[in-house]
Amino acid sequence: MSVISEMFHNLLSKPVTLLYPIEKVPVPGAFRGRITIDDDKCIGCSKCSLICPAHVITMVENEREVEFKDKKLKRKKKPRVKLFKCIRCGLCERHCPTTPAAIYLKSELSDSGTDPEAVVT
Amino acid sequence: MPEVIVPIGPHHPALKEPVNFKVIADGEKIIRLDLDLSYNHRGIEKAAEQRDFIRVLPLIERVCGICSHSHTTVFAKGIEELMQLEIPLRAQYIRTIIAELERIHSHLLWLGVAAHEIGFNTLFMWTWSDREAVQDTLEEMSGNRVHYGMNEVGGVRRDLTPEQVNAALVRLPVLEERVKKYVDMVNNQKTLLVRFKGIGKLSKEEALKYGAVGPTARASGVDYDVRRDDPYLVYADVPWNVVTDTNGDVYGRTRVRIGELMESIGIVRYCLENLPEGPIRVNAPKTAPKGEILSRYEAPRGELVHFIRTNGTDKVERVDIRTPTLANWTSVAMCLVNQNLADIPVIVAAIDPCLSCTSRITVINSDNKKEGLINFDVLRKRFRTRYQSPERP
Amino acid sequence: MIDSLLILVYIFLFPGFLFLITYALILEFLDRRIAARMQHRVGPPFYQPLADFVKMLGKEVIDPDGVDLPVFDAAPLIALAAVMTAYLYIPIFGSSPLAFQGDLVLVLYLFTLPTLALFLLGWLSRNIFSALGGIRAVTQMFIYEVPFFLALLAPALMAGTWSISEIMVWQQKNMWFVFLQPIGFVIALIGLQAKLERTPFDIPEAETEIVAGPWTELTGRRLAVMHLTSDVLLVAGSALIAAIFLGGPTISVPVTPIWLSWFVGFFLFLAKTLFVVLILSSIKVATGRIRIDQLNTIGWKYIATASLLQVAMVIVINYLWVSS
């Protein structure tokens, strides 16, 4: 009996589906989205590359002056991430020594893809 | 009709993951069946031997999508016990909250899938729409709908803010009302009763003899739950009950799972309201002392066991995962005999199979087309001669 | 001359085959939309069944190894031809111009041909799933055919005629059969749901058990034709039930200018068939599939006895009426 009453109640109310491209999906602040590197903050310590479980971060040559803990220093390398192979576990963000982390997962909804060569630097 | 072999799997609409049942049927009655489980083997146990304790946890998490938190918790718990590390109370509460939320979403998923197997797609749509509330809560707390990544050796990685706690507490009463409606539906809906009652009956002695675990065994009256009999995390402090049933058939298992749903909602509410203050992690040492440990956990499907052996380095020497689905397959094979062909999906779905957890290797000899098991030493010798011989370039 | 031209327009354009196929696609859309809304989903847009039909016509036709191809091609077409022909004898906006004494029997016979075509397809595809599905389809037909025929025999007995159009006219003068024979109405609906192979009777096509039963090896245009047969059977079946139990395209008040009565009759036809489809959709959403041996028990124990009871009641009432 409860099935039938629920059926007719549903018939007269709005469906529960979110019509995705037209309506926006609410994304919480802690969502682990696309990997992003903040160029101003990275000091090139390579901790992210060592800790990554999927081995998708490589360090490439890149020189720049950055400020870290009120000291100016010159970094030699910065990370390059294979975008679509990242498993978004967040270990790199957890172990990055800068505050806020120079490598982090953006909390916007992002696409997926399969290009193995796509990188984020 | 003479005996025919009906191939259920590896590709079949009734199965969500590949498994091969070769059912030998006479008309609509099943005579016997052969089982082949090895289609989802990925070599995770071997890969885990090459990663240190921080990097092995995302790998262990990906053994299964639905019970991902179970695998990381039991592994982290085992390593922490080997290192003799005591994690803070707040971390234990957070681990329990995520574990019980995972149990809720797994049981709601199961209810939908069981309804779909008997063609009752309406209940499938409704339960999965309610599951979205739980998934939204998990996404707010951990950042992802599956593979939460909450655990690390020494505590949890993320804290729960008061807004997240309040948002979760607001969703719980709504979920409880819906689950009560499902209890009513399962007890009164005619087609559900007609398809679930008396199917796949397993008596208490048979359940104990074939090693059934989890809701499958509890539905036959076996009163065993790892959370009560070998307590871990905070289950000894939270008031909750073990749900058993005496029916022993698919209907009994449905009732056990819905009962566990109500209990889990109660546990989550208690933990959210009584969350203690404090740190969420301690600093863990890099290496673990030499030792062996058997770490147990009550996953949504039953008793999950990790056997871990360490040797003083920062990696494990051996991890052996015994999942609950592996323990339940024998009972399926036994209680399928003399049932109807139309009941195969129902009985298989009633143990809540998760083949990603289960797969073990099967060896097929391509010369004489025979299958069999092979000894580890023989396998190792063949591996050495094949891949390490001097002629190979 | 004009007469044969009008007959051709009736058969091929309106309310014949062109209208029939359009209405079949519209009714499939309404059925899926209502079922989806009841399940709290959105459902497909209005052009979905037409898009499915056109797409399936264009897909590759895969011939399984060693099957009898002429029969494989002909069986769906025979099924479609049978239901389209049966539809012509059912009153749409007034009495059917092709009506004759005994067309009820002809329509019921033609309705059984799609199931036999499915059985033939299942048996011929050299596939264990299709064979099992075909056997289940024929077993199901044996179980529901007897009550279905008896439930449709009872109104014919009470109206004293074997023609659907005359049964409809009888109802216009007296009362609709849904009030006089409610048991028969319920059994006819159950029989129609079983004939259309929808839940709870979609045993031959059980997706989770035997892949797709006899539909497994159908691809491309064969599948398109067979799917269209299902839709046309939905229209023709609900039109038959509307004509026999709900008074068809007439109401108790006779409408005088003949063109106005056709106009009103057409809208009544649409409303009544929609009502029947609404009931069938609700049954489809509210239940799960039952097993073939459970259908056997329920069918012979309850449904067949209920229909026999209904026919017995009609015979008694007729006798009392005649003797008064």
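Assorted remarks:
All chains are identified by letter, namely A, B and C, in their written order; residue positions are counted from 1 within each chain.
Please note the rule applied: a contact is a pair of C-beta atoms (placed from the backbone, for glycine too) under 8 Å apart; a residue touches a chain by one contact, two chains touch by 3 or more.
What you are looking at is a predicted structure, and each value in this text was computed from that prediction instead of being measured.
When C-beta pairs in contact are tallied for every pair of chains, the largest tally goes to B-C. Think of the whole protein's Cα atoms as having one middle point; the chain whose own Cα middle lies nearest to it is B.
Each chain gets one centre point, the mean of its Cα atoms, and the points for chain A and chain C are 55 Å apart. Spacing of chain B relative to chain C, judged by their CA centroids, is 46 angstrom. Averaged Cα coordinates give chain A a centre that lies 28 Å from the centre of chain B. Taken residue by residue, chain C touches two or more other chains at 38-41, 285-286, whereas all remaining positions touch fewer. Shared interface positions of chain B, i.e. residues touching 2 or more other chains, are given as 122-123, 126, 129.
The residues of chain A that reach two or more other chains are 3, 7, 16, listed in rising order. Listing the residues of chain C that touch chain B in their complex gives 38-41, 128-129, 132, 199-200, 202-203, 206-211, 285-294.
If you check the complex, the residues on chain A that touch chain B are 1-3, 6-7, 16, 28, 30-32, 51-54, 87-91, 94, 105, 107. Considering their complex, residues 3-4, 7-8, 10-11, 13, 15-17, 19 of chain A touch chain C.
By the touch criterion given at the top, residues 4-7, 12-14, 28, 115-123, 125-126, 129, 190-192, 194-195, 340-345 of chain B touch chain C in their complex. Chain B makes touch with chain A in their complex at residues 51, 54-59, 62, 122-123, 126, 129, 136, 139-144, 147, 149, 152, 157-158, 181, 184-185, 188-189.
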